[in-house]
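So, here's a batch of structures to check.
Across the two complexes that follow, chain A remains constant while its partner is chain B and subsequently chain C.
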Partner chain A sequence: MTKKIITILILILILFIFNISAAAELKDPWISEKEQGQHGGTLITTLLGDPKTFNTIIAKETSSSTITDGYIFEGLVTRNGVTTEYEPELAKSWDISEDGRKYTFYLREGVQWSDGKEFKADDVIFTFDVIKDENIPTSSRDVLKVNGEFPVYKKIDKYTVQFTLPESFAPFLNNMTAPIIPKHKLNEAWEKGEFNNSWGINTDPAEIVGTGPFKLVDYKNGERVVMEKNNYYWRQDPNGKTLPYINRWIRVIAESQETESLLFEKGQTHYLSVRGIDYRRIKAESENNNFSVVDAGPTFSTNFLVFNMNPRNPNLEDEPYKYEWFTNLNFRRAIAHAFDKETMINQALAGQGTKQWSPISIANKVYLNEGVKRYPYNLEKAREELEKGGFKWNENGELLDANNNKVEFTMVTNAGNNVRESLVNIIASELRELGIKVNSTPIEFNKMVNQLSSEWNFDSILIGLTGGVEPHQGTNVWMSNGHLHMWNPVQEEPATEWEKRIDELFVKGSQTVDLEKRKEYYNEFQEIVAEKLPVIYTVTPNSLYAVRDSLKNTEVTAYGGVLWNIHELYLEN
Partner chain B sequence: MQHKLKLDDQIKVNSTKTLWQKNLARLLKNKFALIAAVIIFLLYFLAIFAPFFAPYSSTKNFKNKFFHPPTKIHFTDENGLTSPYIYGTEVKEGWAEYEINKEKKYPIKFFQQGDSYQFLGVFESNIHLFGVEADQPIFILGSDNYGRDLFTRILYGGRVSLFIGFIAIFITTFIGLIMGGISGYYGGFIDSVIMRAVEVIMSIPSFYLLLALAAVLPLDLSSAFRFFLIVSILAFQGWAGMARVIRGMVLSVKSEDYIAAAKALGADDKRIILKHILPSTATYVIIRATVAIPGYIIMESGLSFIGLGIQEPSASWGNMLSAAQNITKISDFPWLLLPGLFIFITVLSYNILGDGLRDALDPKS
Partner chain C sequence: MRDYIIRRILVVIPLLFAISLLSFFIMQLSPGSYLDDLRMNPDISEELIRKMEADFGLDQNIFIQYFSWLKEILQGNLGESFTYRIPVAQIIGSRLFNTLLLSAAAMLISWGIAIPIGIYSAVHRYSFLDNIFSVFSFIGLSIPNFFFALLLLFSIVRFDIPLPINGMTSIMYDYMSPMEKVIDILKHLLVPAVVLGTAGTASLMRQMRGQMLDVINKDYIRTARAKGLKEKKVIYKHAFRNAINPMITIFGFQLSSLFSGAALTEIVTGWPGLGRMMLTAVRSKDLYLAMAGMMMGSLMLIIGNLAADILLALNDSRIKYQ
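Here is the complex of A and B:
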């Protein structure tokens, strides 16, 4: 009898303990509105490089952050992959005070880390403590600063955090997409000052804990990253079962884009980012190979030519006239008229691209100003502009400036990027028609970046940047004191009236919360850039994806690619 | 009596031919080597006269006719045999697709006027061996990514790829002979110094030297000059191996009687080295040069392939081949691989010729 009672008591005790350890009930699940899918299956995709760390806070390279961000770690808010509008992620909702300075985030209750521990306001506070710590090498710190000050943040209760900004700052929500890391796993390391060495690539995968749809189970250098479903995930299918549908996700590390496309064509991966040159072939294959090719429109990336207008260029001692050419607006307009974008699309992007005129990415539906000044391909107009700018031609057809210096300059781009190398060749060939000699050389990427950012000794560089939705992310490029203000970086005072105006527009744009007002400011900024041509835009590739038909619920976009809604994707048997 | 006369005759016949004439005769008997020599000669001839044989200039681009397949040349029409002509092509809907327009024929004209060029830096001309009129291009080997004629660029590219080896060989041979000769002849301290220097030079990793050179050379050098610079520097490194072998040969020749005779007659060292010792190494030098030239051709291709050699818009076989590094290009536009075929033919011919030369020059045969 006593034995029985003891057994029952023990059983009750076990149940009780179990109940406690199975953390608080998920109160605010997110429920998929897509069709109900089948659970299970293994998704196989490719990665172009090895991760350098799994510590997303200190990750510098995209090869690391593409593994973690959004899949293992999540932010308070996110952007919708289709509309690019803000959506709740770990925060279920938020308030912004009237003056635009106080942001209060209400967290989803009952969200669990992938090891079963509950996600709380403390984790959010911990994440921002780490980012704010000057000993942690993270780029997020500067991004979060508003007017040079880190926002003040505090925990209101277990599920509420509040940020107070020094002044109204519209792009703040964009910064709240920063991934949140678990305090219970990393606090000790941080307090000991070992945070920078935590979660390197040799860490036991079970130690790496996030709130995202997947957790890491294996990583083999140069071979693959394997992830498995996070059974505690807070998104649910229409039937109320925990998402994601996909059980296991293998990400094969491919050496190159060639390998990626071979793997896909052999049927070993589920989707492929298709390059323009391969579009026709892959499209032809798609008909009887159970996959389809999706054209998601122009990407957010840009390619442009920038001339060195920096009076501090060390080469100017020998060639002072180059400064005169490059700062001559007629000269830059002539070059713009010599850009044959039709041919660029055909030859560099294999017909799969779009002409770009404005500094805002074409894919940016919110802020793009389509009405900016355009410079259609016209060599006659180019010659007129050159004449207006005081240039002339000698009897051999070579272009001379007003002081009879032959116009000749170098144009570099990073070696290995076929699209940019082609663009340089096409531009150089057109400029030869105008009597300009262009010495074009692809150089190593790091060398090019040094020339742009610290040595300032280039003539012209063809480079690209990847834009986002939020124009304010471009401050380091467009504001005259920016480090990436490529034509004349880190100015103490804006060198020209129009640069001064752009500075003003960016400050106003960031302080105004009203979207329509912001659009006005950024429209004017785009008009100024198109008018003054500090950089001359070329063409933007389209984002093309080949997706296997067995992968369902996909909604492919230029912003989010194929995997932005990976929690809703499922594999059909 | 009769017997003796016969022997005398033979001696007479043999003595009318010099050593080199005999070698040449032996070489001409080797059919393979002969064919290889003819092919090599043809390639060099085409490359030297590239501006005349090519229908266009090396940078002439037909913007709308990129990745154009080789143009088919017709020799017959409805009336039977006729002078060669081609049909025009039109850009079709869709990317890099062309349609043959059978309505209009473009006759191939010989000694056609076209882009003007300077030949050997002296003559100016605009006569090309063949061409078609107006804006209809003729691509006998197809066109590349930018709509440039591949045949034209192969000929121009050959100028770089084929001549690069000569410069390098010239430099290596020159330094190698002198250093090897001095080292072997004098021996002792001078020998040790030169041989230790040779060992130091041989241990420089040439590939990394190249990478470093490509990075430091100024950007506004013309790419051909830049490349000749790199090759000459490599050649300065390459003489070491040659000097070593020459030294060995000199060591063995030095103790021959005729050297002692020359010394006894009072010839100075310079004369002995240049007139008596080095000529006996000629066989080795010729064979080595023939075998080494294709090595430099391959090296040029390799360097240009990884982007360190000749840069666009200049052509070389290596950089043309590197433009074909893509599955789509190889499967849809296979003519882009033709520069590779030219490299292959050249290298093979050189090797066969080198083999033939070795057989012909070997005194034991």
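Here is the complex of A and C:
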């Protein structure tokens, strides 16, 4: 009997010791500077769609990454939700060598995965091994390549990783926000070649392990995603207790924006992303309800009109004059002057928007050049520009070009996007004033993409792209060999002087680490685009949020939304 | 009868083959592919897109694609979804029950209301109630489902009715007793089922009324009445049995909608059914997922028709199949 008790005691002791040695001590916690909050509570928010996968490396839709990135998985560095500047995340600090080619990251010691295993340099190496693997369909690989070469990376010690680039490349740090995945969970699948099918939506939530503030506990297809606090998280409150404050986070899949706002108005969710058309109603309701509406300024999204300036347009055989119009700078300037952005904001965005002039999103605090050329709404100016461009009017007021061809073209946008459809209508009616006949047709998204990317047979398209903080992310759009260089894609040699200059500026901008220098290059780029108008910008919606008063420590921004500092948010009883 | 059923089932095979051929080619020949969405993402390079195209087999000849799909299907493999990268069968399986529940509840409501009212309206033609029912059915016919659903949801929020407005289970579902779970689901089911049910009611009601009116004026009804049969027996035994035949055919058609779901209502009420998912699959050109949905719909349509034919024979002894 005593023997038994002793063995059990020894076993318990061994387990105890083993446990202690497994749970590494967190040496570099991050400590919140916000006011001390209350721990506990359930946060309820909405999602607009089901996740497609929990495998963040191969995820391509925001419906998937919005669940995982930043909440379950974290990168080495991150961007501050307010200032958008780089901040340490899993790396506590980093060095950049003089020549800008060597990046050394020092990891936080003692960070643990949500299953209690320690986070080490091996996990970082594993993540980049996976990204580098040509069999893994991930967009991270291409953005990491510098001049077509993947950076060389190596583990220095347990907590240090070093990347060596073939040449200086400033956007590199931006790519280090890529989420790090656990080697101990995924290595086996990767070696067997099953990585692409790992961590699909049918995976047991307990298998999905990250370093983020939350871990997945349940996913009910089409209904909700349930997450719980990661008890091993490395951020701490001012009293030294592990963050996040919020214990459980339920994300209801609402499927439509109407349902989203109904749920919020019924008091069931903690915040709502308010659409322009709902703004007045929600604002009025907020007066005698327990929530407030925050206008976080313009979003990163853009909407613009692009003319086909591609000499390879197959339609040019029948109507070669269209190429002459669209490449005529005076013509494009006239169109720009005919954009009534005031009306666009009022009608398409219910008054909640901002005019855009520069190719960099208005929300981009770091790189936006506010001094670029503007084209205020003025039909007189537009007519002057058209005359300068060699156009004239017939007795019926129809616009003719120098060879007496009537100016008439199509303007396409994707069906189902209400904002774009009404933008097209507003533009078309203004152009009618100038004697231009616009045939506006909303078409299926797929068809539009085909016209834009492979058939090249459109006249003009109204479309939008969402930008980020790092201008280099736009290389596929702005460099003349890019496949999204919509007005004349995949050029072998830049067709014009200014396109050549933009190419140069993008190369220089990526090779310079010094921020002020980079700003100069991207400022010039913005000036050129505003001057030459390859695309004509319209208006940008504002990001509006209704946030319940019980949710504390919020700092709502267009970049980070409501949840960028979710680890610091708490619920007041 | 048995021979007839066997023959009908044999006909199904080439029919399904033709349907699959048609839908596959329409899907593939319409402009665009699953990769188009990715093409518009500035972060994704042409190279990666070409690689994925090869991965999915989308770069191959369309006939080769079709026959390799057919080969897999014959072995019971529905293929893998492009979007989710897991087998199609698993994705559909996770939502099949939900859709079935909703459709069955909706059918119960629409038939349960439409048949008695239809009969009543026909028997009491132009009475006050008949007029009221007609007005309601015309309103029901003209209101789009999604709008009616939004209207109901709006009233729930506006008047603070204790009913859920989204999803199929409430947040506390996992912590409930089995009885509470059933009640919880029924509460959530109410709005979408009423919306879908009443939508069907209006037209069924008018159909039933019309059929009954047709029959009621027939000579044999007069004979039955002249024989001194009770009015109830005349209506239910003689008139109804004859009037119901076309309704059975409609029922057969409706069976197919059991699985295909109702995308718009599902979207608005947040019901996690197949409808919305299939709509997204077709629009994003998630080929194998969409094909599985279409094949399931066609199969149900065929089975529904067969079931209707058999029911017809059971109901009406004049109908015989050789």
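The working rule: the second predicted complex is superposed on the first by the 554 of 573 C-alpha atoms of A that agree within 3 Å, B and C clash if a C-alpha of one lies under 4 Å from a C-alpha of the other, contacts with A are read in each partner's own complex, and residues count from 1 in each chain.
Keep this in mind: a contact is a pair of C-beta atoms (placed from the backbone, for glycine too) under 8 Å apart; a residue touches a chain by one contact, two chains touch by 3 or more.
Only a predicted model underlies this, so the values are computations on that prediction, with no experimental measurement involved.
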Side-by-side fit of chain B and chain C on chain A, or clash: fit
Geometry of the superposed three-chain model: angle at chain A (Cα centres of chain B and chain C, steps of 10 degrees): 40
First (chain B), second (chain C), both or neither touched by A:Q38: neither
Contacts of A:N425 with chain B and chain C, given as first, second, both or neither: first
Chain B versus chain C as contact partner of A:G200, first or second or both or neither: second
Contacts of A:P137 with chain B and chain C, given as first, second, both or neither: second
First (chain B), second (chain C), both or neither touched by A:N378: neither
Which of chain B and chain C A:G351 touches, first, second, both or neither: first
First, second, both or neither for A:K52, with chain B first and chain C second: second
Which of chain B and chain C A:I277 touches, first, second, both or neither: first
More chain A residues in contact [chain B versus chain C]: C
First (chain B), second (chain C), both or neither touched by A:L262: both
Nearest Cα pair across chain B and chain C, whole Å: 7
Touching both chain B and chain C, residues of chain A: 258, 262, 444, 447
In the complex, chain C residues that touch chain A: 30-33, 36-48, 51-52, 55, 83-86, 90-91, 94-95, 98, 150, 153-154, 156-157, 165-169, 171, 174, 266-273, 276-277, 283, 285
Contact footprint of chain C on chain A as seen in their complex: 44, 52-53, 55, 58, 60-61, 134, 137-139, 141-143, 196-197, 200-202, 218, 220-224, 250, 252-256, 258-259, 262-263, 265-266, 444-447, 449-450, 452-453, 463, 465, 473-477, 483-484
In the complex, chain A residues that touch chain B: 258, 261-262, 277-281, 340, 343, 346-347, 350-352, 408, 410, 412, 415-416, 421-422, 424-426, 428-429, 432, 439-444, 447
Contact set on chain B toward chain A in their complex: 59, 61, 63-64, 66, 94-96, 145-147, 215, 219-220, 222-223, 307, 311-313, 325-329, 331-332
